[in-house]
Amino acid sequence: MSNSTTLKVRLPVFVVLLEIVILALYAVFVTYDDNANAKLQNNQTNPMENSLYRDYPYFSDVQVMIFVGFGCLLAFFRFYGFSGMVFNFLTATFAIQWAILVQGFFQFYYDGKIHLSVINLLNAEFACAVVLISFGAVLGKTSPVQLLVMVLLEIPVFAVTEWAVLKYIRINDAGGTILIHLFACYFGLGVTFVLYRPSLNDGHAKEITSYHSDILSVIGTLFLWVFWPSFNSALTFKGDDQHRAILHTFIGLSASTMTAFALSAMFNKRGKLTMADIQNVTLAGGVTVGASVDMMISPAAAYALGIMGCTACFFGYKYLTPFLAHHMRIQDQCGIHNLHGLTGLISSTAGICAILLATEETYGPSMYQIFSHRAPPEGDPKLLELQRMIPGLKPGLGRTAQEQALYQVAAVFSTIAASAIGGLVTGFIMKLPSMASPADRDCFDDELFFDMPSDFVGAEVLKTTCNDEKGQIKSMDSNV
Amino acid sequence: MSNSTTLKVRLPVFVVLLEIVILALYAVFVTYDDNANAKLQNNQTNPMENSLYRDYPYFSDVQVMIFVGFGCLLAFFRFYGFSGMVFNFLTATFAIQWAILVQGFFQFYYDGKIHLSVINLLNAEFACAVVLISFGAVLGKTSPVQLLVMVLLEIPVFAVTEWAVLKYIRINDAGGTILIHLFACYFGLGVTFVLYRPSLNDGHAKEITSYHSDILSVIGTLFLWVFWPSFNSALTFKGDDQHRAILHTFIGLSASTMTAFALSAMFNKRGKLTMADIQNVTLAGGVTVGASVDMMISPAAAYALGIMGCTACFFGYKYLTPFLAHHMRIQDQCGIHNLHGLTGLISSTAGICAILLATEETYGPSMYQIFSHRAPPEGDPKLLELQRMIPGLKPGLGRTAQEQALYQVAAVFSTIAASAIGGLVTGFIMKLPSMASPADRDCFDDELFFDMPSDFVGAEVLKTTCNDEKGQIKSMDSNV
Amino acid sequence: MSNSTTLKVRLPVFVVLLEIVILALYAVFVTYDDNANAKLQNNQTNPMENSLYRDYPYFSDVQVMIFVGFGCLLAFFRFYGFSGMVFNFLTATFAIQWAILVQGFFQFYYDGKIHLSVINLLNAEFACAVVLISFGAVLGKTSPVQLLVMVLLEIPVFAVTEWAVLKYIRINDAGGTILIHLFACYFGLGVTFVLYRPSLNDGHAKEITSYHSDILSVIGTLFLWVFWPSFNSALTFKGDDQHRAILHTFIGLSASTMTAFALSAMFNKRGKLTMADIQNVTLAGGVTVGASVDMMISPAAAYALGIMGCTACFFGYKYLTPFLAHHMRIQDQCGIHNLHGLTGLISSTAGICAILLATEETYGPSMYQIFSHRAPPEGDPKLLELQRMIPGLKPGLGRTAQEQALYQVAAVFSTIAASAIGGLVTGFIMKLPSMASPADRDCFDDELFFDMPSDFVGAEVLKTTCNDEKGQIKSMDSNV
């Protein structure tokens, strides 16, 4: 470790500055939402109808995904388990508290205040998921200071993009395929493009897993798998929409899991299973059903999407990731382009097909609720008629299916553009000096930023023993 | 590894075939349940009364049990952690998607379609639990191809048995003691009887745990323990019935946990605790309260059942499992006969006692709801009277308590018979060539089916060090 | 291991005695609450309004915290993972079943019976949390028999204190800061004061962590972190009160997590992060918001409390814990005085400020619901007026804010006094012979009470190699 990576001054100073700013902004701008405000309760209020009881179960499930699921999943390197899990903890924590403010300004701001309830936290968790996905691209090669800078910049770019797309382009994206997965992916690729490290292109001695880190990572995968239906359905309409979202997500994940096992064995030289496939490719179905997750696509279509997403993701890991690294200076450490980019593109396409195929025959009048921008505009007599059948239906824009499909395409391209540019700029800022960026040889090594327990065998020992055929590792392994 | 166990061709081919069949069947037969169908929503629909909100929390809890709980629990072998956890993942995934179809035909089929909602998934999870319990009997000795074959056959046998018992014998079995635990146990024993490996009867060098695998397995136990009340109560009537099911399960588990610690220390030579007891025997109470879990048995009876089940389970592990292996060719790897068979028999007996003791004095008119087959038949004037007190009470069969008890006995025996025969047949099919069945020496070894990280020390090293008289490992391993 | 610590006789005898007593008491005194009693269901009952559905989700979340969260967190020692996790399991199980009875007598006893429902279990879990926190003070230095004795005595002392404070002093303490955290802390300090071991004051060779135990412990932290909002809000009023409790807990934890990272790096010699800080200090915010968690303190105040609690906790670990050990004979193994004592005192102070600042202007009429002792007494005309606005408002004591603040102060001091005295007495009883108390040299060692797997390298090996300058282990330890 050189002095350039000690956190002694820069991390505390940066964190304390952030905390002062956030505390000041909370004090000035954040107040309680009506559902959390004691003053607004009266004899008309039924406590059990508080929005809390609709939102908290999903918030709680997503919390497990973010902190435990991602945390374990990212701890898959043999010498980088502390960092994977703990930097995920730090990054997620800051991302949520920052997103409460930034997203709050765009989505929950009125009467001069951000109004806080669990639904804000839930939205902030999705912003946080965006950052954590992007983090996957640079795992092992960034300091906690760099990660905090990434959060600081990615959250506003995301919040603005989300707000602009939802307000001006107006799309259907219940599972967050476009706004979460595609945004996160191309932002992360932008960052890693700038942080390119040529010397790591042929692998790094510490870029390996261990028996225990592989198991830990699978546990992370399982937590993500189990709660993914909550993730994909948390922001849909309540009722049958959310019900379908849960069914489709489960079926999609289930199909992609089966497929991942088949492909893993088929393309392994010796016909064995590869843990990295089990850890990542199994999850592809959850992303792939995202854009059409609440639509009447049929269970079979969800199954087919799971298979397709998984296949694309698998071959992405096999061929595209090495290609990007060697020919395009994009070192995508966890392969986010496979798990979130390729699947996201398939999902967006499927969403567009589902929009084009949607008819009142299939959906009944609630078509205008799901595809809210196709609802007749204010003043249209058809709107009144529909509102008799679906009370509370809001006036829409009267778009046709074809128009909506074009807007979806526009959203995909503008999201990719915004995120890639945002990622590039963020990458340049993360590359500035004083960010404690690890030297190439110190990547993937917990020892750089942590006080290590005495049984930790770091990089030095590994190198020594690689040269020394009968050396220490041999004898250490015999302790196992 | 010999060529006979490479998965390169057989796993992908088998999985792809299964996927094609399932996709076709989903496309033709599976549609949305009314609660997930957009077309059926109208101005009478209250989205918050969607069945989703009644079923999803229990589905979600059972998901954690199946994927994380079982996954970690089955990872207790030192050299078989990948396989335990990952084969559980594969098996569970396929079991649920297959059970959605097969159970769907028996339980959710009308108008030519299987109607899909979260309640189907919940039922499919129970079918999945059946398979995973049976899997415990053959853990370490089967290939993933064999496991998929087991799922393929066990699910239909289970679905038919379940349907026949519920439709023709008509029993009370809220916690699934008879249909889940007894079925799973005797099916698994049938399979392992056929797959008998004489050379493994005196133990296998790799049939050991490690410090970390033992801890991982306890984590699995804890997740099962924590969510077991949801498992036992997921399919009861809502309201006080589900409430009692949760209370009884908690109390039963709690009593069996205390007892397991006492017995573990008492019967250990040096008065120490044995991790295998903590991992398994503590859970016996959850099974033992199953058959009477929603009845008015009193909290004290649940406590007593926990103690009894735990005691039977403990001595089963100590005496019966070795006896079965040495004298009856039944190698029950995880001791499922102790944790699910013996406890299941006690539970069934307790259920019968509870049925015989049930009176209107204790239950009030809702006795005829819990013991629905004792309700007066259609046309009986008593039915109308009862329906005034319990609206929605369905006509029953007018059985007496004694009659119902006899039907319960019949159900126990027919379930055991059906499952044992099904298991034997399944075992023979799993024994066919080309199933990639591991050789005896390759059992309990991840290396057979996985690409291993470099720190994995497999069987070869273990043997080497055993020959080296002065090596540390030797002296430690000699404790085994 | 000497004979004095074998569990062969004493653990089973003690457990069986306890079980007989508990079973007898359950049989005589415990019956179902109305919500779990089949007899009380009639045509007025709506099953979905059963109290189960309000309480079970929170019960379930707290179960994960108690069994998985605490279990993993306490497994942080390298040679004491089995004990940390498994003794937590035993202690928690017994604590809950014992608290159901003891707390039941004080809180749910009428008509000669304890009436059991999930709300009792939820309350019993809080009593259990008290014991587990106290356990932290003596981790590594106590036998399971001693721990059961601690449960046996701490639960009644806690239940009496809780009952007396709530009935006679009448306080606001929604998050359980005073009754849970302060009680648990000073009880634990009392016990450890009596169990003082001078020879351990300069550290113990086995008092170290390992790479895997540190990761495991962080997983425990993450589960506690994720479900803490449920813990702090489980017993508040439903509706906006619970909503605020969840928001404040999340914000408090979030602020303390950021702060913990900053302080950890700042006060480390080489500017690195220390895992013990991540495992413990991050959680300080959850305790610190406790006493005012349901009040209208504003989100910014919750943030500030998180920072303050974390700072106090961090410096407590750094300076106060060594001071207590060296100068006051208080060996606080897990530093519960930092995480629960100091934060508890800050939280109590904050609660008092919030009480003094509470006005009808901020809270509206529901002020008299949150601060129920400030509600006008029976017969006061203002009560009738308020009851028109808040139906179901109960008459209070007509206390002023200042009076209520004084009662809070009284509650803090009496709770600390009762718990410290209870802890001292309990410590003396735990010190009696025949409790299987470990010798100093056997502390922090799983081998004392467990059959160990062959890869466990215990104390002997560690000592041997420490003397052997060229030994393998030595060279690894020199990384420290």
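Miscellaneous remarks
Letters A, B and C mark the chains in the order given here, with residues in each chain numbered from 1 onward.
Rule of thumb we're sticking to: a residue touches a chain if its C-beta (ideal position, glycine included) is under 8 Å from a C-beta of that chain, and two chains touch if they have at least 3 such contacts.
Here's who's who by UniProt: A, B, C = Ammonium transporter AmtB-like domain-containing protein.
These figures come from a predicted structure and were not determined experimentally.
When subunit A is fitted to subunit C on its Cα atoms, the angle of the rotation, on a 0 to 180 scale and to the nearest 5, is 120 degrees. Under half of the residue numbers at the interface between copies subunit A and subunit B are found on both sides, making the touching surfaces mostly different.
Subunit A and subunit B have Cα centroids separated by 34 Å.
Counting partners per residue, subunit C has 57, 212, 455, 457 as the residues that reach two or more other chains.
Contacts from subunit B toward subunit C in the complex involve residues 54, 57, 61, 78, 208-215, 218-219, 222-223, 225-227, 229-230, 237-244, 246-247, 250-251, 254-255, 257-259, 261-263, 265-266, 268, 270-275, 278, 282, 296, 298-300, 303-304, 307, 362-367, 370, 388-391, 472, 476-480.
Taken in their complex, subunit B has these residues touching subunit A: 1, 6-9, 11-12, 15-16, 18-19, 22-23, 26-27, 30-32, 35-43, 45-48, 50-52, 56-57, 60, 63-64, 67-68, 71-72, 75, 81-82, 85-86, 89-90, 93-94, 96-97, 116-118, 121, 144, 212, 216, 449-457, 461, 465, 471-473.
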